[in-house]
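Shared between the two complexes below is chain A, which pairs with chain B and chain C, respectively.
Presenting the complex of A and B:
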C-alpha cells in the first residue's frame, strides 16, 4: 500500500512537470522568436552597416553607428521631442485626467457615467483615424480651428497649424491628450474609489474639505496609481508614431521627428539598416529602464 | 453654501467643456461626411444642408470592406492565441514551483517593456526571409507575441488570488495540472478572460506599425493602414475621407457603448 502510494506521487509529480511544460512552452516560443531573438538581432545589427537590398553584404563598423548618432542633429531633435512629449503628456493627460477623475468621484452628483463614457470614448479609436480626424480640424482651408480663430478675430499661423514645428508639436500634444486623457481618468478614478469614506470624514473633522482635502489627503493615498499612470504615459510617449506619421511625416526638415518615426525613416526610406538598429538599441535601453521602474513600483504597490 | 455652489458650477463646467472637446472632432467627422464640397470649404462651422451619400460611395471604392475583413481575421486569431497561450503560461507561473519560474516571469516583464519599434529591422528581415510579408499569418504571429507579456501579467495577478482548495481536491482525485487547468480554472476565469480579450482586441484592431511594414499589398492591408489610402486617393476630398473614417469608427464606437462597463473595468484593473 505504502509503496503504491509513493509510486502514484512520483508519477503525478513527473506528470505535473510534463503538463506544466506543455502549458508554459508556447508563450516562451512566441516571445523568443518574435521579441527576444529580434532584440538580440537589433543589438548585433547595430554594429554593422547594411541595407535591405544587400542583405548578404554586412560590413562591420564597430561603434560607428553610435558615433554617427551622437553627431546626428536629427537624432537629438527626435530624442528632445520624445522628452517634450513625455513631460507635456504627464501634465496634460495625467494632470487633467486626475482633475477629471476627482470631479467624477466626489465633485458632481449627476451624469457621472455619461461624462465618463464620453471622455473615455477616443481611447477605442485607432490613432490613425484620430490623426485623420484632427487633420481636417487643423487644415488651413477647411479646418474649424482656423474658422473659430477667425470668427473671434484672432490671427492664425501663416504656415498652418502643422507647418511650423514650434506649433505643430503642440498640435500633436493636443491630439494625443484628446485620445489618452480619458484612459488616465478611468485609471485614476479606480484608485480614488478605493479611498474609503471614513478618510474624508476624518479629514472634515480636521477642517480639510474640498480641494484642500484632495491635495493633502487624497493624492498621497493614490500615490501608487499615479505612479502607474505616469509610467504608462511615459512609455506611451516613447511609442508615439501615428500622430507624427500622419500629421507631418517628421517634417518640416525633420523638426518633428521622434525616435519611432526616425527609426522608420532610416530603415525603410533611407535603407540604413545598421544605423536604424543602433537607434533602436537606444530606444530599447530607454524602454527596458522604464519597464524596470514599472516593475519596481508595482512591487511596492 | 454659496462657496459650495460656485465649486459645483466649476466642476460641472470643467467636465462639460472637456466633453465638448472630446465630442467636437467626432461631430466634425460625421457632419463633413454629408456636406457638399462647397459647404466644406465655405462653412467649416455649418451643418450640411442635405444628407447625401456620395461620399460613402467614394470611400468604399478604396476597399474599406476588405480592409475591415482583414482586421477582423487578424484580431480574431491573434486575440484567441494571446488569451489561450497567456492564460496557460500564467497558470504555471502562479502555481508550480519551478526554479526557473522567477527568471521566466522577469523575461516576460522584459518582453512587455520592449516596443515593436525597437526590434523593427530584425523582425521585418525575419518575416521577409520566411516569405510571410503580405500575408495575414505574417502579422498575426508577431502581434500575438507582443500581446502575450501584458496578458500573462494580467492573468498572473488573477490566478494568485484564485482559491486553491478546488484544485487541491482535484489533485487528490488524480487530475493532472493540464486537466485542472482546462476543466476547472478556465470555466471559472470568465471575467479575466473577458478583460484580456477586450484589451487585446482594441490594441490589435488599431495596431499600426507592424502592419505598416508587413502589409504593403492592398489585398492584405488592415483597417488602420487602409485608412491612409483614403487620404492618398481622395487628397483634398474631405467628404470622402471623413466618410471612410465614419465607416471605420462608428461600429467600434457602438461596440464600445454596448460593452463600456467591461472596457472601463478591464482598464481600471491596471492600476492595481
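Presenting the complex of A and C:
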C-alpha cells in the first residue's frame, strides 16, 4: 500500500513538474526573445565601437566605452540629474502622496471618492500628452504660468521656465509630481486602510491624536508600504525619459540630460551605438540593484 | 480506415485550396512601393494621390503607399528602419552629410545606373543637381526640391514707421533698435530655438558672411590640419554677431524656451514685423491668414569674407533603400516624382521649388512668395548647406549646443569655438 502511494506521489510530482515546465515555456520564450537576448546583445555591444549606420563594421574596444563614460562630463551630469529626480520624486510624490492619503483616510468626512478620483486622474493620461500640455503652460510668451506670475507682480525667469539651465530640471519635476502623486496617494491610502481602527482608539486613550497619532502610529504601521512606494519612485526616476525628451530633449546645454535621454542621444543622434550600449549596461546594473532592493522589501512588506 | 480516408481527403482539399490561393495571388501580382516622407506639408495628400494615379497609368501593378513622419522623429526613425527589414523602398532625405553617411554605410542604393534609362531622373534634372547627392562619384538621390531662407517682413509696419529694409548687418542691428524704440514690447525678430536648429540656420549664414565659404570648407569636412581646424578667429566673430543681435533687442527674452511654430504665428498674426524663415514658411503664413508680406536676403556683413550674393540652400529629395526588393521600380518611382508633370504638381500643391523647372511657366496663379523664392534662388551666385545637415554628427551637435549656450550667455563666443574645435579634433581623430 505504502509502495503504491509512493509510486503515485512520485508520478504526480513528475507530472506537476512537466505541467509547470509546459506552462512556463511560452513566458520563457517571450522573455528570451524580448529581454534576455537584447540584454546579452547590449552587453556584448558595449565592448565594441559601431554605429546604427555601420552595423556590419564592429570594432573591438574592450572596456574602452566604460572608461570613456567615467571621463565623460555629460554622463556624470545625466547621472547626477537622475539622482536629483530620485530625491525630488521621493519628496514630492511619496511625501505629498502620504499627506494626501492621510487627509483622505482620516482628515475629511465627505467627498473622499471625488477627491481621490481627481487626484488620481493625471496618472491615466499619457506622459507625452501631459508634457505637451505643460509645455504650453510653461511657454514664456503665451504660457499661463508667466501670466499668473506677472498678474501678481512677480518676475518670471528671463530665459524661460524650460530655457534656464538652473531651473528647467525642477520644472520638469513639478510636472512629473503632478502626474504621479495620485498613484502614490492611492498606494499609501491602501496601506492606511489596512491599519486597524482599534489601534487608533487605544492610542487616543493614551492621548495620541492628530499629528501625534500620525507620526507615532500611522507612519510606523505603513513603513513597509512606504518603502515599496519609495522604491517604485526611485526605479521610475532612473527610467525617466518621456518628460525630458518632450520638454527639453536634455537641453538647454545638457542641463536636463538624464541617462535615458543621453543614451538616446549617443545612439541615434551622435551614432555611438557601442558607447550607448555601455551606458545602458550601467543603467541596467543600477536598475537591477534597485529591483533587488524592491523585491526584498516587497517580500518583507 | 474511414477515419484515415477522411483525413486524406481533407489534406488533398487543403493542398488544392493552397494551389487555388497561390494561383489567385500570382494572377493579381502587385508591387507595393512604400515611400517615407515628412508630414505636415500643405497639399501633400493630394500630391501623393495624384502620383499614385499617374504612376498607375504607366505601371498598373505598382501601388505607391505613403507613410509620413514628424520632422524631428524622422531623423532617427529612418536610420532604424533602414537597418531593419521592414523599411521603406523610397525615402525622403536632406542631401548633405546625413545622406552621404547612409550611402557610405551601404543603406542607400546607388541609383547611377537608373539615371538615363527611360523615365530615369537624368531626363528631368540637371547633372549639377544630381551631384549634390553624389558620394565617390555615384549618385544616391533624386533631389525634388530645395529649401532656402529669407527674412520675411511686414511692409505695412515698415512703411507706417518709416523703416527701411536693411542692406548690411549693422543696418539690421539698427532696425531692431528702431523697432524697440517704437514700442519696447514689440519683438522685432522672434527666434524659436527650443529645438536648437533655428539659431543653427542663422550661424550658418553668419559663418558664410563673416568667415567665407572658401575658408570654411576644410573645417566643415574636417580635412583641415589639426593645427588649423576651426582656428580661424572669424568663427568667433560670427558668434559675436549673434550676441550683438541679442544685445540690439532683436529676439524675445527666452529664445531657447520658445518653439519655432510659435514664432511663425507671431509673425503671421503681425505681432512681430519680421522673421528669418524658410521657403516653406510662405504657405504657412498664408494658411494662418497673412499673405501681404515681403522678403529680403540675409544682409551683407561689411568686411566679412563671404559674398552677400551667396544664399542658404538645402537640397532635399528621395533616396532608395539598398534593401528594397524592387530597386528598379523604386528608382523609377523616385525619378517619376521629378518628371515634368509631377514637378509642376509638386510646385502647385506643395509649394516646392522644383528641381525640374521645365513646366514652371505653366503654373496657374503662382503666389508672390513662390515667384520671389524661385527667382532669387536662381539669381544667387552660390549656395551654402546648413550646418546641422552638412557637418559630422558630433560637430553638428556641438554647434547646436553652443547656439543654446551663446543665447543663454553661459558661454562666450571664444569658449564656444574652443569647445567646437575640441569636438572637431576628436571627430577627425575617429575618422
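Criterion: the second predicted complex is superposed on the first by the 282 of 301 C-alpha atoms of A that agree within 3 Å, B and C clash if a C-alpha of one lies under 4 Å from a C-alpha of the other, contacts with A are read in each partner's own complex, and residues count from 1 in each chain.
What we mean here is this: a contact is a pair of C-beta atoms (placed from the backbone, for glycine too) under 8 Å apart; a residue touches a chain by one contact, two chains touch by 3 or more.
Just so we're clear, the structure is a prediction, and the values are computed from it rather than from any experiment.
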Looking at A:100, would you say it contacts chain B, chain C, both, or neither? Reply first, second, both or neither.
first
Kindly classify A:38 by the partners it touches after superposition: chain B alone (first), chain C alone (second), both, or neither?
first
First (chain B), second (chain C), both or neither: which does A:152 touch?
neither
Classify the contacts of A:142 with the two partner chains as first (chain B alone), second (chain C alone), both, or neither.
both
Does the superposition put A:161 against chain B (first), chain C (second), both, or neither?
second
Could you look at A:189 and tell me whether it touches chain B, chain C, both or neither (first, second, both, neither)?
first
Chain A residues touched - chain C or chain B, whichever exceeds:
B
Should A:205 be classified as contacting the first partner (chain B), the second (chain C), both, or neither?
neither
By the touch definition at the top of the document, which applies to A:127: first (chain B), second (chain C), both, or neither?
first
When the two structures are overlaid on chain A, which partner does A:251 contact: first (chain B), second (chain C), both, or neither?
second
Both chain B and chain C contact which residues of chain A?
52, 55, 135, 139, 141-142, 268
Over in the complex, which chain C residues touch chain A? Could you list them?
75-76, 79-80, 82-83, 101-102, 104-107, 194-196, 252-259, 262, 266, 393-394, 397, 401, 404-405, 408, 410-411
Residue ranges of chain B in contact with chain A within the complex:
7-8, 11-12, 14-15, 18-19, 21-26, 28-29, 32, 40-41, 44-45, 85-86, 88-89, 91-93, 96, 98, 104, 107-115, 117-126, 141-142, 144-146, 148-149, 152, 171, 174, 176-179, 181, 202, 205-206, 208-209, 213, 223-225, 227-228, 230-231, 238, 241-242, 245, 248-249, 252-253, 255-257, 260, 263-264, 267-272
In the complex formed with chain C, which residues of chain A make contact?
51-56, 135, 138-142, 157-165, 248-249, 251-254, 265, 268-271
Show which residues of chain A lie in contact with chain B when the two form their complex.
12, 15-16, 18-20, 22-24, 26-28, 30-31, 33-39, 41-42, 45, 52, 55, 96, 99-100, 103-104, 107-108, 115-130, 132-137, 139, 141-144, 146-148, 151, 178, 181-183, 186-191, 210, 224-225, 228-229, 232, 235, 238-239, 241-242, 245-246, 259-260, 263-264, 267-268, 273, 276-277, 280-281, 283-284, 287-288, 290-292, 294-295, 301
